[in-house]
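Before anything else, here is the set of structures, which you'll find just below.
Next come two complexes built around chain A: one with chain B, the other with chain C.
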Partner chain A sequence: MERKRGQQTVFFKNKPIIIGHYSLVGPKEGKGPLRDYFSKIEEDDLFGQKTYEKAERTMIEQSLRGAVENAGIKFGDVRLFLSGDLLNQIISSSYAARSFDIPYVGVFGACSTMAESLALGACLVDGGHFDTVACATSSHFSTAERQFRFPLELGNQRPPTSQWTVTGSGSTILSCKGHGPRITCATFGKVTDYGINDVNNMGAAMAPAAMNTLIAHFKDTKTKPEDYDLILSGDLGKLGSEILIDLMEDHGYKLGLNYKDCGQMIFKRNQNVLMGGSGCGCSATVLNSIILDKIIKGEYKKVLFMATGALLSTTSSQQGESIPGIAHAIVIEGEDNE
Partner chain B sequence: MERKRGQQTVFFKNKPIIIGHYSLVGPKEGKGPLRDYFSKIEEDDLFGQKTYEKAERTMIEQSLRGAVENAGIKFGDVRLFLSGDLLNQIISSSYAARSFDIPYVGVFGACSTMAESLALGACLVDGGHFDTVACATSSHFSTAERQFRFPLELGNQRPPTSQWTVTGSGSTILSCKGHGPRITCATFGKVTDYGINDVNNMGAAMAPAAMNTLIAHFKDTKTKPEDYDLILSGDLGKLGSEILIDLMEDHGYKLGLNYKDCGQMIFKRNQNVLMGGSGCGCSATVLNSIILDKIIKGEYKKVLFMATGALLSTTSSQQGESIPGIAHAIVIEGEDNE
Partner chain C sequence: MQDKVRNERYNNYVEAKIAKTHAWPSLFNSFWVGGLICTIGQLFNDVLLLSFPNMSTQSAWAFTLIFLIFMASFLTGLGIFDKIGAFAGAGTIVPITGFSNSITSPALEFKNEGIIFGMCAKMFIIAGPVIVSGTVASMVVGLIYLFI
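Then we have the complex of A and B:
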């Protein structure tokens, strides 16, 4: 049977079901506006470990185990673990996978990783290759800062366009059976580069990729922004979101009040985060808390979740390269939305 | 319809077809025993670029374009590009993807990446999500050395268990239509760690993962080693291969003369490579040259291709962690093998 497809969008026949989700965050996120929605807030940002890197993999372990429990299944029912993160060679994910007895596929899309792993995982469940898969990602402020920027001990000033890496991990369990919201389609993004080379302005670097993926999605699905209860970007932050709104308007699409950005939702204005939250854990924890909760409660019927990633490394920046971005998107619909 | 499945193995109903392949290597590999099989040997290991990192992404660009040409399709016919590499934040793949107008999914499995991208790509083609996908990976001796070990200018001695990172990129085009060898099943591996922490002994770190995946594969498919014309590991090297043979024998499986390792095939003994070749590009270029050529010619009817990866980073090593390994495997059968 021929599957319905767009240029970049895959439509799911079997509509994978989100049967479990979990969000784990650090102390700063736990003081933010979403504190009542997270599955768990940990006051110790070392999560009981000796290093921040070991803390980050502990976060993935805890969030995946939490999601499995939330799904009401046994750990052994999960047949594949898809995960990635910002650390070199995605060690948070790989070392977390070491503690699970599950086949593992490492993915990398920088801060788009939650959407990438969900889009891929949904294909694998839809295609009947795996009954149940787990999708996860994480980020940690202190591991990201010391890998990508400066040692925290230096106390560097942060430029006004910078964002604050979220300490958090989100996990989602997808299955071919059970109850919960459904992933109905996925739009895979292309790498887009408008020549931004300011590593402290990720929002501007990622906004063009977000625009490309949104336009591809609307064309492929023959929908308009107003067809969604919520259009959610990952971590464009205040500046990046404004750029996206402008870019979309240039192309005839008006993003209205139903457009939100996880990076602007996760912290309060007085939390000294400048343009807002960022990191793989930003969209992962927002999706796996307030958003899925509200879809399950019926407050949102149809959500377009798009996470964006900046595909740079310290080496590429040192060699004078600009910052390419990518964005992947999925549509999540409430169980009763037919 | 219920799909046939094993614990870790996915069987393909539509058996994705390898319609094109390409291998591009550097000068040292071009002097090795497989020199007559590679699609292209480049004498300049900078590939015309200013830095080795830019060289590596150029290699992926060239190898993918070569594979598309080899497939006899238009570049626009490729609907998804799956790629990853050893560099931090897989910049070789992401920056190469910037030059293609194709949706991109970044993957990471260290030196198992060719098998990972082919296994995932085969699922996506088999499931009908994409008609045609491209799978690629690369490695470069000089980018790997300076990222993972020491500046080349130091002229460090290499311990006897070390391997030599292959400078090369391989690309494979999978499609639901056309002619060529078929991928009939894929076994997804689990992260395995036997506590090896010598970063100059990757073969020993990866062999236990290879064993786990091979045993899972034989059990899931109800086959034995002698059922394959060739069982090919990625880059275990001389020591790692010997460990794998021993480990398999302990579990009642005898790997015979039909077992080979790409790391031992790609260089001559007098090329000063100690235990042999390594890096994502090792298995990628061997598979996409002599192996696929021989399958197409009918010399091999059924090949089990398994690439292994060591999932460490410099940070994990500095923090005293052991080295987890992973191995993914696919079965490739000749077009006329029914």
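Then we have the complex of A and C:
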């Protein structure tokens, strides 16, 4: 049977089912507004390890094991592990995969990795290539600061447009059988660069990519923003979200009250995070806590989850290059929304 | 070409969209914290001269500098200095305390990459440019001094 296809959107025939999810966060996130929704809050941001890099690996290990347990399956039932993170050569994911003894594919989409791995995982499950796929990602404030910015103890001031990298890891288990929310389609985004150079303004750098993906999604699926209970962006932050709303309006789409941004949901205003949260872990932990919980409870029936990423490296930014952005989106529908 | 126009327009739009911050509160905080650091230094200097009447002013200055450098480094290690710096901005960066913090913080950060190529090499990633420009400037001034 011919599959329905869009320009950038894949429609799933055997809709992959989200059978398990898990979110693990650090102490600062644990004091935020979503604290009651996270699966686990760890008070020690070193997670009992000697370095923050090792701590980030431990987070992925723990969140994946938690998700497998949440799914009620055996660890050996997972046929493929798709994961990525922000560190050079995605070491957190690859080193965590060392202890799993399951086939592993490392993916990189910067902060869009959760949506990217879920979209790819859904394709593989839908195509019948794997029965059960695990998708995960993580970020850690202290490893990201070390790689992209300044030493932790440096007494500098943060620019007002900057965001705060979330310490957290989220994992989702997709399967061809079982009960739970379903992924119905996925839109893969194009790399979009509107010439923003400021590494302290990721929201503005990623918003055009988010706009492109959203427009492509609405055109391919012949839907409007009102057709979704929730449109969720990953980590555009306050400024980036406002820009996205403006850009969408220029193209005739009105994002209303059903539009939210994970970066603005995860922290309180008074937590000194300026524009909000960022990092792979931001969208991953928000999706794998409050959002999936509410879809399972039936509070949301149809959610468009779009995570955005800034595809820069420290070398490219030091050489004065602008910041390319990317955004991938998936649609998650409640189980009885058939 | 079209992209260039689009990017320029977008950058201008973003620039206008960024909420303007007011300089006065930051200036006020950096002024009084910076002033306080200098006052502490002066106080230490005066107490030193009073306690040791035989000490030369030059030696007292040196001890005061050592004291300020040590305190900044110590507070960095305790994880307090970055909070003061985030509050006071240039108030802590301009005095010698900022220089001390900019060397101690990378030393702490990179010590887990080894003593030699981690701590020792990366200790200067922030202070390095300051040292280089200071050295070059003193060479230029020295040359001028030689010929006048």
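The rule is simple: the second predicted complex is superposed on the first by the 338 of 338 C-alpha atoms of A that agree within 3 Å, B and C clash if a C-alpha of one lies under 4 Å from a C-alpha of the other, contacts with A are read in each partner's own complex, and residues count from 1 in each chain.
Heads up, the rule we're going with is that contacts are C-beta pairs under 8 Å (C-beta built on N, C-alpha and C of every residue); 3 or more make two chains touch, one makes a residue touch a chain.
Every value quoted in this text rests on a predicted model; they were computed, and no experiment measured them.
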Which of chain B and chain C A:G128 touches, first, second, both or neither: first
First (chain B), second (chain C), both or neither touched by A:T51: both
Chain B versus chain C as contact partner of A:I90, first or second or both or neither: first
Which superposed partner A:G106 touches (first chain B, second chain C, both, neither): first
First (chain B), second (chain C), both or neither touched by A:E153: second
Per-residue contact with chain A, leading partner among chain C and chain B: B
Touched partner set for A:K190, first chain B, second chain C, both or neither: first
Touched partner set for A:F75, first chain B, second chain C, both or neither: neither
Footprint overlap on chain A, comparing chain B with chain C: 51, 193
List of chain B residues in touch with chain A within their complex: 1-3, 5, 8, 10, 51, 53-54, 80, 84, 86-91, 94-95, 97-98, 100-110, 116, 120, 123-124, 126-130, 147, 188-193, 311-316, 319, 321, 324, 326
Residue numbers on chain C that touch chain A, as the complex places them: 3-4, 6-8, 10-11, 13-14, 17-19, 21, 26, 76-77, 79, 81-86, 88-89, 92-93, 98, 101-102, 104-106, 108-110, 112, 126
Chain A to chain C touching residues, read off their complex: 50-51, 146, 150-158, 160-161, 193-196, 201, 204, 208, 239, 242-243, 246, 322
